[in-house]
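Both complexes shown next keep chain A, but they swap its partner, so chain B is in the first and chain C is in the second.
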Partner chain A sequence: MTSAHSIASSPRYAPLEPRACSAALMIADDAGMAAIDALIGQNPELGRKATILRIGATAPPDTLPAALDGALSQARMGLQVWLAGSQGLIARAQALLLAAGLPKGAIQSEHRGTAARRMQCVHCKTLAEGVTTDPYTCPGCGRALFVRDHFSARLGAFQGVCIDAETPGDIPEPQELRL
Partner chain B sequence: MIQLRLTDKTPLSPRITRFRFQHPDGAPLPVFSGGAHVMVEMQDGDILRRNAYSLISDPQDGSGYEIAVQREDQGRGGSRFMHEQAQPGMLMRLGQPVNLFGLNLTARKHLLIAGGVGITPFLGQIPELDRLGADYELRYCVRSRDEVAVDLPGAQLHVSDEGSRMDLDGVLGAQPIGTHLYVCGSARMIAAVLDRATALGWPPDALHSEEFLAPAPGEPFDVHCARSHKTLTVGAHQSMLEALEAAGIDAPWLCRGGACGQCETDVLACDGQIDHRDHWLHDDERNRKIMPCVSRFRGQLLTIDR
Partner chain C sequence: MTITFNKESFRGDYSYHNSATAIRRFPFPFDRDEYMYSVNMEPHKGGRPGSVFEARFDVDEHYVAEMEDRAITLSRDPMRCQSLPHMTLAGWDVLELIMTSKAQDYPDLFELHRDGNRWRWVNRPLGIDDTFTFLDETTLPYGPMEYITRQTQGDFAVLDQREGNLWMDAGMVTSQADWSLDFDIGMNFFEWHAPVPRAAEMGIFQRALKFLLNIQQDTPARRLNWTMTVNPRLDTSPETYPEWGPEKRSLTPENLGQKQYLRVELQSFWRLPRSNGLLFPIRCYLISLQDLVTVPKWGRRFHRVIRDLPEDLATYKGFIVNRPMIVDYLSRFDDGAPTSPGIWPD
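After this line comes the complex of A and B, so read on.
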């Protein structure tokens, strides 16, 4: 069983770069803070005008939507956003930002810390936070799911697909996900 | 290309005139989307010109197509032909509408900035925005009041010689998240607006522009077409694309304004300097490609793959 880590829809997270902006919003978990610090190190002025939302490292907390609402309520075009941390945090924040109308081009992200992914089961649609193995067991329907690299920006989740559909019961040993 | 009858010619301002085209049998014309342009073919003496003009009539109205042409006395002659020689009753050939400046319908709001005759593509977009009930803000910038071609109740008019210039930073800084910006006007104005927007943090995917480039005239030059084994002289008031067409050499095109990429042509040899005037090629392609619809050449000989 090989996992397809090269599928093109997998999001790519380049190192964060300073960019001209009228307002700056930075969202990071504990591991992501190092990337934010490096960014501000490159451009201290950016740090001075930035609003930084620091989100707990483990399972993306439900404080994110409310915190973002607050940060976006007065926002105008010219806002640039930097995201850093786990895939789950990046994906959720990006989905919320896009839903608020922010163009994709105003968002940068850098993956730091855990390789855990936010997954959605394509069969029962249950979202699973912090998935660290491939395959994983869907908390909704109990199927063994293969961790695909196909990513939905709208949901902010990768797709999990039943791994033993053709030969039921033939489930490979779960492997740790790596970055 | 379709053959249409010029049915009306009405001055809108001292330099801008509106032209209406209808099907000779009264048949309906294909509808289009706001921001689209058509190519108008003009038989100007022995030169066949094709100039692109934005459609300014309601995109859903198939009873006719309307364009507005600003007279450019320094231009190559297309606008002079329209102003002086095109007369109601004449049959002229027009291309199908093509849209390289369409609205992004996912936008939360549309900020439209027009400079002078750059108002024209927006005239096709306004009925579309009104029908959608979309939120938009139209800024119409002119140098003096007699440049105003249309009276737009929904627009904010900025007349620079009356001191009501647009506060660009103020306008750009006041837009809600999800606004898309569209700018049409002179090359200078477009560059100024896009530069400021970028400096203020607007991402490229929210920025749209259309420059009115009719190919500018220049010195005559020679071009060798390797595949057709022909060497042509491109006249001062001719584009390289027009010279290819006049010599019967088949060359693709769509916008004839350096924006769409259709006419991209490989340069096989170049003893001189290519005068790139397009918005299409990347910097690293400019030594091996040319856009014959707008670009020119200075030097001994240019060899292209046509």
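After this line comes the complex of A and C, so read on.
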């Protein structure tokens, strides 16, 4: 069992709060929509000016970069972004937003849903979405990877490291990740 | 000063070796018989003649072999050297600092001739004689940071200073103690140190950051750090852990003195004049335990340090499984006599 939020590089989540802005962008998956609804409930005016990208139910997850590009192509100074949902959705959206030049302080995020994580294999660099166990099997190189708490906001992923490097074949039983 | 460069390897047959002179000048990092984290900074303004502290960027008998090893690692994994787009000017700062320092400190090995922005750099040990235009990337075979750090021992992190923090936005990292530049690039000081146990709650990082943010151009600083490595391997990266991980389990009481190495980092910190960045060289020195114990004071003290090190630190430094065997080996060189203060041999 591994729990997040334990070291300084781990992502920090807080309940979404209304904030003054020239434009509002909200990105959520199915589980995260409740957090968006609660945010808009606090400030209906924000809801009226917001662009909401719902990833998951109607749009599959791999549509995120294109959808984000579309939303950001009309962005102006003073844009605020609210993210809600799985760790993987938040991490991917934040990495894309930071790469696009948005300041970190303009992005809020609230984790909703499962404890699944987005992981990068440190050996072959393959990204794995929705990892739910520790260790997990890398879809790129097939190694059994230990789920570290070390997190890169730039990559939007936690780090996976070969768990049996010193004793090949000695792989512990996978445990479900917990929040 | 004449240095004879060793023909040796840091992988495969591991023919790396230290001469009697190299053993004597090894930067033994323990000034007392116990170890705990501290912000152990001191000015980097020279040191004892012949010691690793004397020159700004120490060049020793391993220089040529280390640069060959770096080239091998980079050919296998080019992402060990990265620079975010805003860090190119800092890269030129690094190139200038290293070239001017080396040409002054080792005039028989390096020459720098400057005519305005037209520079000629001569590196005799590596057989390089290049003329280029300072601040014009197109006149060098690599970016400025990569160019000069392919010719300088040690890893290099180049830190951008903003928002009251330091950001690891460029680096050349091929001889690291198990951390990944490719993963950590872009992180701030607290984020990239996040995996280190205990030090954050001791306030170490807050104090160290405060110190580093205030480093000025004429006041470089340095500190020693250490860990343990089985075999004289520079590339102990997370990326290649499956290659070197099994070697950690290859120790026996018979081969331990030869295969277990103390790995010491001479870290230094330099303010960069144009970019206001900070250069953070991490120079790695390796010594086998059988060579280390030829200095009686070091054998006694190292036994006590390793024996009494808290469990979480031994785990983080990666030798917890081998500690009993290491302590057993070192105990043979500890007669219980008192040791003198400081790091130097008696």
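Quick notes on this structure:
The working rule: the second predicted complex is superposed on the first by the 170 of 179 C-alpha atoms of A that agree within 3 Å, B and C clash if a C-alpha of one lies under 4 Å from a C-alpha of the other, contacts with A are read in each partner's own complex, and residues count from 1 in each chain.
Just so we're on the same page, contacts are C-beta pairs under 8 Å (C-beta built on N, C-alpha and C of every residue); 3 or more make two chains touch, one makes a residue touch a chain.
Model, not experiment: these values are computed from the prediction.
Room for both chain B and chain C is found when the two structures are superposed via chain A, with no clash between them.
After overlaying the two complexes on the shared chain, residue contacts for A:Gly78 are found with chain B alone; chain C is out of touch.
After overlaying the two complexes on the shared chain, residue contacts for A:Thr167 are found with chain C alone; chain B is out of touch.
Superposition on the shared chain A places chain B and chain C such that, viewed from the Cα centre of chain A, they span 60 degrees in steps of 10.
Of the two partner chains placed around the shared chain by superposition, chain B is the only one that A:Cys21 touches, whereas chain C remains out of contact. Comparing chain B with chain C, more residues of chain A are touched by C.
Once chain A of one complex is fitted onto chain A of the other, the partner contacts of A:Gln120 are limited to chain C, with no touch recorded for chain B.
Within the superposed three-chain model, A:Gly101 lies in touch with chain B and out of touch with chain C [touch as defined at top]. In the superposition on chain A, A:His150 makes contact with chain C only, not with chain B. Here's the short version: in the overlay, chain B gets within 6 Å of chain C at its closest Cα pair.
On chain A, the surface touched by chain B in one complex and the surface touched by chain C in the other have no residue in common.
On chain B, the positions that touch chain A within their shared complex are 107-108, 172-181, 198-206.
Residue ranges on chain C touching chain A, taken from their complex, read 180, 182-187, 190-195, 200, 238-242, 245-246, 248-249, 321. Against chain C, in their complex, chain A makes its touches with residues 7-10, 120, 122-123, 125, 143, 148-155, 159, 161-162, 165-168. Listed in rising order, the residues of chain A touching chain B in the complex are 19-23, 72, 75-80, 100-106.
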